[in-house]
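You will see chain A twice below: alongside chain B first, and alongside chain C after that.
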Partner chain A sequence: MADTICRTLRDGGLEGEHAPALTIKDSKASPFGFDVFNYVLTQLSNHILAGKSQSRGLVVVAYSRSPSFYVDLLKRRGIDIASSHDWIHILDCYTDPLGWKNRLIDKDISQEASSLSSFCQDVRNLDKLYSLIIEQGKGLIGQGKDRFSIAIDLVSEMVRHASISSVAGILSNLRSHDQVSSIFWLLHSDLHEIKFTSVLEYLSSMVASVEPFNQAAFGQRVDLENLSMLEQNFRKGKFHVRFKRRNGRVRVMCEEILVELAGIKFTPVLSEDEIINQRLLPKVQFNLQLSEEERNERAKVVLPFEHQGNGKPIQIYDGRRSLGENKEEALVSTGKLQPDEDSGKGQIIYFRDSDDEMPDSDEDPDDDLDI
Partner chain B sequence: MENQNLNLLDRALGLDGPSEPWPLSGRVVLIEDCVETSGSFVLHQLVKRSLSPTSSNVIIFVAFANPFSHYDRILRKLGCNLVTQRDNKRFIFFDMLMLRCPDVDEGKSSEGGLVLLYEKILKTICGLPGDKKDYVTIMIDDISLVEVAANGGSDYVLDFLHYCHALTSEFDCSLITLNHEDIYSSMERPTLILQMEYLADILIKAEPLSTGLATDVHGQLTVLNKGTSHRLGRSGNKIHNFHYKLYVVLWRKKLVISIDKGYSSEKRSFRRTYHVNGRLGFWNLNTLCVTHLLNG
Partner chain C sequence: MKAAQTPHKKEVPCVFGRPPQLPITKIIRLSAALLARHRRCSTPTAALSLPPRVCSLRPESLSCRLSTIYSWHFTGKTKLCSVDAAMATTKPRLSSFSRNLSAVSSSQTPGVKCGPNGTMFVSSGIADLDKILGGGFPLGSLVMVMEDAEAPHHMLLLRNFMSQGLVHGQPLLYASPSKDPRGFLGTLPSPASLKHDKSRDRESEQEKGLRIAWQYKKYMGENQPNFDSHRDNKQDYCNEFDLRKPLERHYFTRQRVNCVGIQDSKNLAALQEHCASFLAQHQRNDGSCALAGRIAIQSLCAPQCEHSNMDWEMLSFIKSLKGMVRSSNAVVVITFPPSLLSLSSTKRWQHMADTLLSVAAIPDEDKELAKLLSGYQDMVGLLNVHKVARLNTQVPLILEATTFSIKLQKRRFLVLECLNQAPVDGSSGSSYGTSGSCSGSSKAGTLDF
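So, the complex of A and B:
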């Protein structure tokens, strides 16, 4: 699922469409959101460098970590941006976000800007921030129809200095800009009202939430019983992703997260699909699912135009006559023609082209198109 | 002598290895406590470890809660002479007991006071000799009083903490703060303490036992060590939990008297009210020497 997210960001948006937007959200009980953010950032950087992505550049708006942190992070993943950084720019909203350093009377403390990063010293002014992001992005891709991607490491910090509506406004504007290919951001959901989290989820085409592995262990005083569960929560988590497809369908997927020395690892959860499908079904008074017995019976039903396989033609009972009468009217055949028997009668030749599809399947048949 | 005094807390924080590079360099430590179990002893223990003869650390101690004499008395009992360390420029004490939100007439805002404090810390670090600049530890005792001084402006406090956090990446210094979890427990969304928990690389929680009071054990410590990425690579996330017991030394009477004296001071009105509400009876435990931590 994490790879699906990265692929969607890599592919970007179509002409006239909003850029795909990803919200990564976590909470105190499972604070791995930043690890997920770093993973997505690394993957997207690799795609950009390999020329496989729609975007040709990446602007990182850094609120919670310094630019040197990202340089080190990418270096550990095999991407040396210190020497070659014509594809990435870091907007530093971390070192001096409110201009306190700038106000110091003693100006001996010099601030080093470089071609890799530039300072933003007034994060309260979101219009200025918007212009800076677009300017830096355009600087990376030059003139032409190329696009760039944007990564904002902490929207929770952004909303501390500005109102919810202005933050939503800037994100929406960034998303709908012609030259933005994709955008993703991190949010700590327990720091905000549900309203703000909902606004961001509404703006996003993908919402990835990190949840605790053991929900029950959170919030209680530590004792010997819940210590092992807390330890598990500290290394593992659950990763739920909700995709909004172009055709309007919503798809929910789930994985497990393991935080290791080398970074974060995503592993599939085998039995989750059924649970997820059940959650998606609306609660109505009639039964939308099949029991095991019903499924077996269904499998035994022979479809009207299919051959039974015993060489004999199939008789279809139409409900008006008793079985055995008027066999000529009920004759059908599949596959092979039998000219001796059926001259003058119509034939139905039926080839089944795909397996039976479950009702309300989330599979999009257009996924196979390779246009 | 040093090795004999190492305890489980030191091991949980990685302080049982070589002193250099300092294991807490570039890391943020948050100590959370409550009325029943004060976490001040953890702070005192960290002061003692930072000022050990084998390390080159310099401590910038920003004190909102107690005067210098208080810490001097306690650390003396732990075998550390703060007066000498202060004279050697290894222990730099910022007495913030008088900082409170100025009146409007004075023209300064709550934010302005914190900006000045940040400036003072930054200038102190920059003014250190070259070899000492890399081994700075900033300690703040405690954040709830910073909030009081900022007249409840938790946003300003968060901005101040953000700038202190920026210092840890700029100068590789450590930041150790103390806050009281139970102050925020009645809030629906305790933003300040939550933000601090997100900022922290190591969270040390001092809380009572889940089974209640006990005569042999005063409380339990839980150390959550997030293996955050730093230049040395990434270490795994670890949790440690152990019980602790603090030994009483004959300081009780003296302390009660000194609090009564503090009562009469007009300028201390904010502090005095705060300390009287629920913390007076517990105050005595702050003087206790930590000599022994039990395994849980």
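So, the complex of A and C:
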């Protein structure tokens, strides 16, 4: 299922459609969001290098880690850095976001990273940031109809320096840009009001949330009983994803996460009962529509009184006639709409209880039934 | 004033010949009394004829008033004919005892229909929705649609609404938070080709022939219930839209469509200006309306707009818009995502609306839901009707069902259907009590939205 996410990001958006956007959110209870982010990043890089993805370049906007971290990360995962000038670029919003250093001394940054990254010295000006990102992206892919992807390290950092509406503005503008293939970002949900989280969920087409493995165990004192459960929370977690599909439906999926030194592993969930679904139970009615078959059957039913008004003399069946005459006349079929072999007519064989009763008596209204 | 005695059954009672000094109100009262008598008899038909003097006065207002006072409708058009012709035109027409809201098609403007209580309707672009709402969107009302953050179904409603207006030549003002609002016009659907319309006609005609098992035929002779079909009018009023065919470009010329982007402006003053000038062109004067206007505002509180955190500004904008539209021949449709507003703001916005709808997404590949509802495979989403506008009347519209499923027939045509329970599978072993939705399903969940 994490593969599904990566595949969606890899395939990108269609012509005229907004780019698919992924929100990864985590919280203090299960702080593995960054591992998920790294996983998605390396997967996308692999796809770009292999040429399988729609995008041909990647711009990483680094807020919470320095560019050298990303270089090391890619090296560790076996991705070739030497040729990476043409497909990846890192926008450094980590070193000096507010422009406090007037002159930049590049002793801190390693040689490789400086060729891959450029500085952004004013993160408060989101318009400038937007144009920087687009510029870098276009620089990677050159002229033509190619597209590039964007990864934003930590949106929580972005909103520290700018208002919610401007952050939402830049994200939606990036999404709707013609040359952006896909975009994803990380968010720590407990740093914000619910409003900001819901804004980001509104803007994205996939929402992945990392949750603690044992919900109940979080926040409790470390006791001998729940020690094992708490320990599980340190390494494991639950991964819920909500996809907004093109046909307007929402796909909900769930997996388990295991965090190890080498990286993060996703395993499918064992028990299906744990899936929490918002159940919207509307008031349903019984189906009063008939299918084609049922309609045909209904048309075949002979109703009483139907033949009246045709000019023939009206006779009312009074149930007194003998059996011999009964068989010649068509009788009422029961209300069942089941296919019948002999031209769909059912039979009711009715014997009157006694001959004393007058026809059309009030006691037995069935006498009036005239077929 | 002479009123003919109620004749026996087949003949038509009529009112004829009156001194010209009688005011119109008296005529109306008299005819109301006459009809009240006729309700008790079996042939509720009346021909109302007036001398030519009266006919010179505005006949539309008279017939409108007549139809609003008592909502039995005059089948077809009200014929205001002279006295001599009255007796000649005695055609026994059995009007059905039905509250038919398309009472009098007195307004000649296409796309506007007269309704009860002096209201006029425009179509929403979706025939099923018009039926549910009792005729369409009333002119002068504010319609709000609550979006679901997870599904774009409100765009379907907006598209049909806008297309319907353009097809009828009604001016349109469209506001959206995207950078290029005009680009959205390229996604508007076009009316479906005639072939599909005809097949739907035939289907509904077949259903009209009732088979009644009762001995009425020997009493009534050849009088068969005759359902007048207003179908010739109906096709014009609400079109069937093919979502795969884009609307032809000549429909959205500059005069008819004005697009406004609300993302970049600091506050809502510019949008308010636009709406005010648009509505000023459609002021409602006494009498028939010239042309109805439509305003469509998409995602009013979208997060990328700067005004999205100014709660009170947005509320006062909506309030002023509602006041302006009340006195004009226009309909305003606003969509907004309630998840982005605070709870109290959402409640206030909901109270502002005259008609309140909401759309919801449905989970994909949900086996529980597939078992519960029939037709789950074709469903795209759900539509809820929370409030229906009732102008000029105190009587509410009580719907049998408020939740409908949105389906795309042949992936082209939008239909709304009632939710039907799937047939309970007897072999599964679940008893009636647990499988029915009324008693709640085995998983705990909210029973309504």
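Here, the second predicted complex is superposed on the first by the 255 of 371 C-alpha atoms of A that agree within 3 Å, B and C clash if a C-alpha of one lies under 4 Å from a C-alpha of the other, contacts with A are read in each partner's own complex, and residues count from 1 in each chain.
Assume contacts are C-beta pairs under 8 Å (C-beta built on N, C-alpha and C of every residue); 3 or more make two chains touch, one makes a residue touch a chain.
Keep in mind the model is a prediction, meaning the values are calculated, not measured.
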| item | value |
| --- | --- |
| First (chain B), second (chain C), both or neither touched by A:168 | second |
| Which of chain B and chain C A:349 touches, first, second, both or neither | neither |
| Contacts of A:14 with chain B and chain C, given as first, second, both or neither | neither |
| Touched partner set for A:203, first chain B, second chain C, both or neither | second |
| Contacts of A:250 with chain B and chain C, given as first, second, both or neither | second |
| Of all residues in chain A, those that touch chain B in their complex | 28, 31, 38, 65-66, 68-69, 72-73, 76, 94-98, 100-101, 103-104, 106, 108-109, 157, 160, 188, 190-193, 220-224, 227, 230-231, 234-235, 259-263 |
| Residues on chain C engaged by chain A in the complex (per definition of touch) | 149-153, 178-179, 211, 213-215, 217-218, 220-221, 263, 302-306, 308-309, 337, 339-340, 342, 360-366, 368, 372-374, 380-382, 401-403, 418-423, 437-438, 440-441, 443-449 |
| Touch list for chain B against partner chain A, complex | 115, 118-119, 122-123, 126, 155, 158-159, 162-163, 166, 169-170, 189, 191, 194-195, 197-198, 205, 207-211, 220, 222, 224, 226-227, 229, 231, 233-239, 241, 296 |
| Contacting residues of chain A [partner chain C, same complex] | 163-165, 168-169, 171-173, 176, 195, 198-199, 201-203, 242-245, 247-252, 277-289, 303-306, 308-309, 314, 368, 370 |
